[in-house]
Structure formats: structure tokens, C-alpha cells
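In what follows, subunit A forms one complex with subunit B and a second complex with subunit C.
Up next, the complex of A and B:
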């Protein structure tokens, strides 16, 4: 399996989709049961270490899912090859920065 | 040119996915502001209604069409009539969510 192997991307995309689906279902159930809706309640909840860790996993799953999706779309439509690779590089850098930024926000809020 | 409904649901899944990725920086910014008590940041003014509805549609379509793809992967609803019916269902449900946000 190489870096751009379709099979690994396929599995990765579906696993991250299932993780995101689980989060959406959990959020829907929590909201239905009257989960924190004010800004203050949300902040208190997100400051708990377990909640922050769960949100971090969510952010990472989202970025991973976004990466495979964007990679598929760019590989399918962007030509010539040099432009395709450049766009992939920009997307990878941007998504990595977003993951790092999310981690920084969540960890600094929980500490 | 006439596209089958499955193709429309499928390309919509891609378009909504790209839209959602482009909105990710704003999602992280919203996370940052929400943990800093910036209530003013979340006051949606009138001109943001259209982008908000578009985003709601993208979320809904990506979710519904995505669940449809996952089920098809494991062989549920893979027959042509079932796949066509679920494609219509995903398209209509997502459009309804978008319109509901527009009316909100």
C-alpha cells in the first residue's frame, strides 16, 4: 500500500465517517435530552478533560475525513499534475494547521 | 443531458463535502470564540442567512448521502429501485433542511 493507495484511503474514509456519525448521533441524543445550550454551560462542559479529549478526537476525525475527501476530489479533477500536487500540498498544510489550532484551543481551555 | 438521480445525489455529496471543508477554518474559529465567551460572534445577522442555509444543506446532504453510501457498501439498498428511492430521499430531505434554515 503506497501513500496514494486507493484501498487504504477507502477504508480510512469509511472508518472516519463512522466515527463522525457516532458523534452526530451522540450530539443529537444529548441535545434531545437537554444538553448544555448556553455559552457558559458549553464552556464548563468543554473544560472537563474527558470532554476536551472527546472533542479533540472529533476534530482529528473531521480533519482526516476532510483530507481523504479533498484528496479524492483533487486527484480526480485537478490537472496538470504539477498543479494537482501543489493543491494537495496546500490542502494538507491547511488541514494540519487546523488540526493543530483545534488541539491548541481545546487543550488551553481545559488547562 | 439527463443525469440519473443516483449521480445527482453522488455529485451533491462531493460538492457538499468540498463546501464543508472550505468552511472548516470558520468552524475552528467558532470553536475558539465560543470558548472565549464571544457571544457577539454568534449573533447571525440577516445577510448571513443564505450562507447559513447553504451550510445547513451541505451538512444534511453530506450526512444523508454519506449514510446512503455506507449502507450501499455493505449491500443494503444496492438494488437499482432501492438505490434510486434512497437517492431521491437524500436529495429531498437535504433540500428540506436547507429550506427550513432559510425560513428560520
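Up next, the complex of A and C:
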């Protein structure tokens, strides 16, 4: 794969989609077996190490998936090149902050 | 039958315009090209390309009632009136229905549309098994009419960088050919954020191909082979 590989993004997008699908399926089963009702119950559920780890994987997959999607739209539509790079930079920073914030919340509750 | 034809002569007009025509069809007029020939007898300033008039050369590709087709094999029967003829969308117009195909063929040449094999040639020819030959079906039939590339939104968005469905179908035709020895180089060339991966699998290409080929499937095969090579 080269530096400007299209394949890497293609693979990331599909792998992250698989993670999202797996989480949705697992969450549906979990909710069907009895969903937490109150906020305290949801917080207690999310604080369990396994649930927190799964949520963290979900957040990272979501960010990776969103990045490839945003990148594709920007590469297709945004001109000139300097504006394209700037918008990509803003999007990447925003998504990275979102991932870090999600990780911080999950880790702080799980510990 | 009523026709509405895109007219543009850059030497005389600042902007293109649609011109209406009325035509009494003859008993032997079955296809859009037949009607165009008759219209040109009325107005010899109408510009369009045509050569073989039987769906082999691909030169009379145009947009007919909003869909890219070959005028020579598109039946007049069943077309909504007025039949609107426009040049292939997304391509620069030279005059009327004639478009500039320079970039299209540049992309085609970029994929090296010929066998690359530096091994000493056998006495007669490089043979293939029937199974190896069968793999070329659905690829070699492309006539380079550009119906697919001109109807591809990814091509409209990145006309200079995205190679387009026609060139990528041809790339797959040589990647899969058992006589070719440049598969790794071909796959590496296409592993680029623009050349191949701008394809969003919209599938307009497959929808409009007058030879019923599937460039979208060829593109997917290239991606799968790249994955296998890198994995």
C-alpha cells in the first residue's frame, strides 16, 4: 500500500462497518433480554468493564467510519486543494477530540 | 416525430440552446440514428459522430431522453416525445452532439491497455486454457463508447484524477488475462485514493452500458485482488 492508498481507507471503512454491525446486533440482544430503565441503571451498565470496553471499540469504529465518509465527501466536492486540506484537518481534529472525549468518559466511569 | 436537439457552435454562439425539429419518419427508420440522418438531410449543420451504425464502433454515444445510449441501436419506438438528444454529460462539447474524448482516452492509455509480457514469445502464440479465456468474457467486449464514464457522478466530480469505469473495466481485462505478467504493477498503479477508489459503487455505469457489461463488478474485482495481494 502506498502513502496515498485508497485501499487503506476502503478496508477501514468495511472493518469499522463490521464492528458497528456486530455491536448493534449484540446491543439488540442485550436490550431484548432486559434493558436498563433509569439513568443510574444505564450508568451502572456502562461502567462494567466489558460494556465500557465494547462502547470504546464502538466509539473508535464510529469515528473511523465517519472519517472515511467525511474524507470521501470532501475529496469529491471541496476545491481548491488548500481548502480541501484545511477542511480535512478540521474534520480529523474534531473526530480525534470526539474519540478522546468518549474514551475519557468511558474510562473514568469504568475505573 | 418531435425531436429536441442540443445545439452549440462555440464559433457562433455564446451559450448552447435546444432546437426543436419535426420529422416524418420513413418505413425504414427504426433507430435514433436513422432519424438523425434524416434530420441532417433537413439541416446539415447538426453535428454528431457515427461510423459503423450497428453498435460496434461506439462513436454515436449520446444522451437520449436523459440516458446515455448508442443512437444506432436505440429504437425510436417507445421513446417519449420530444426525443431530447444531448451530448454525453460531463464531457467538454466540441459542437452539438460531438464531445471531446481526449481525457477519456488519456485515462484509457494510463492503464496500459495491452499485454505486458517480456518472456520470450513461443513459436506460434501465447495459449490460454478455455477457463482462462472465459475470464475475459464480460470485459473484452467494451467498445469504449464512454456511455459509462460520462454517466458516472464520480467522474463528474474528479474528471482529471478518477480513471472512470471504462478505463477500470479495461484495467481488469488485462489484470485477469493469464498471458499478462504485469499484474502486481497494474494493481499497485491503481492503489490510489483517486484513480480507483473514487468509485462510490453508484452503478450508473452498469445501468447504461449498451453492451450489458458491468464496470462496477470489474472495479470490485480489482479491489478484491488488491486486498488478496496486500493480505
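Just so it is clear, the second predicted complex is superposed on the first by the 108 of 111 C-alpha atoms of A that agree within 3 Å, B and C clash if a C-alpha of one lies under 4 Å from a C-alpha of the other, contacts with A are read in each partner's own complex, and residues count from 1 in each chain.
Criterion: contacts are C-beta pairs under 8 Å (C-beta built on N, C-alpha and C of every residue); 3 or more make two chains touch, one makes a residue touch a chain.
Predicted model, so just to flag it, every value in this text is computed and none were measured.
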{"item": "Room on subunit A for both subunit B and subunit C (clash or fit)", "value": "fit"}
{"item": "Per-residue contact with subunit A, leading partner among subunit C and subunit B", "value": "B"}
{"item": "Contacts of A:11 with subunit B and subunit C, given as first, second, both or neither", "value": "second"}
{"item": "First (subunit B), second (subunit C), both or neither touched by A:42", "value": "first"}
{"item": "Apex subunit A: angle to the C-alpha centres of subunit B and subunit C, given in degrees as a multiple of 10", "value": "60"}
{"item": "Partner chain(s) touched by A:75 [first = subunit B, second = subunit C, both, neither]", "value": "second"}
{"item": "Gap in Å between nearest CA atoms once subunit C and subunit B share a frame through chain A", "value": "6"}
{"item": "Intersection of subunit A interface sets (partners subunit B, subunit C)", "value": "none"}
{"item": "Residues of subunit B that touch subunit A when the two form their complex", "value": "14, 17-18, 20-21, 24-25, 28, 31-32, 34-35, 37, 39, 42, 63, 66-67, 70, 73"}
{"item": "Subunit B partner contacts - residues on subunit A that touch it in the complex", "value": "14, 17-18, 21, 24, 39-40, 42-43, 46, 59, 62-63, 66, 69-70, 73, 94-95, 98, 101-102, 105-106, 109"}
{"item": "List of subunit C residues in touch with subunit A within their complex", "value": "154, 157-158, 188, 191-198, 200, 223, 226-227, 230"}
{"item": "Touching residues (chain side subunit A, partner subunit C) in the complex", "value": "1-2, 4-7, 9-11, 72, 75-77"}
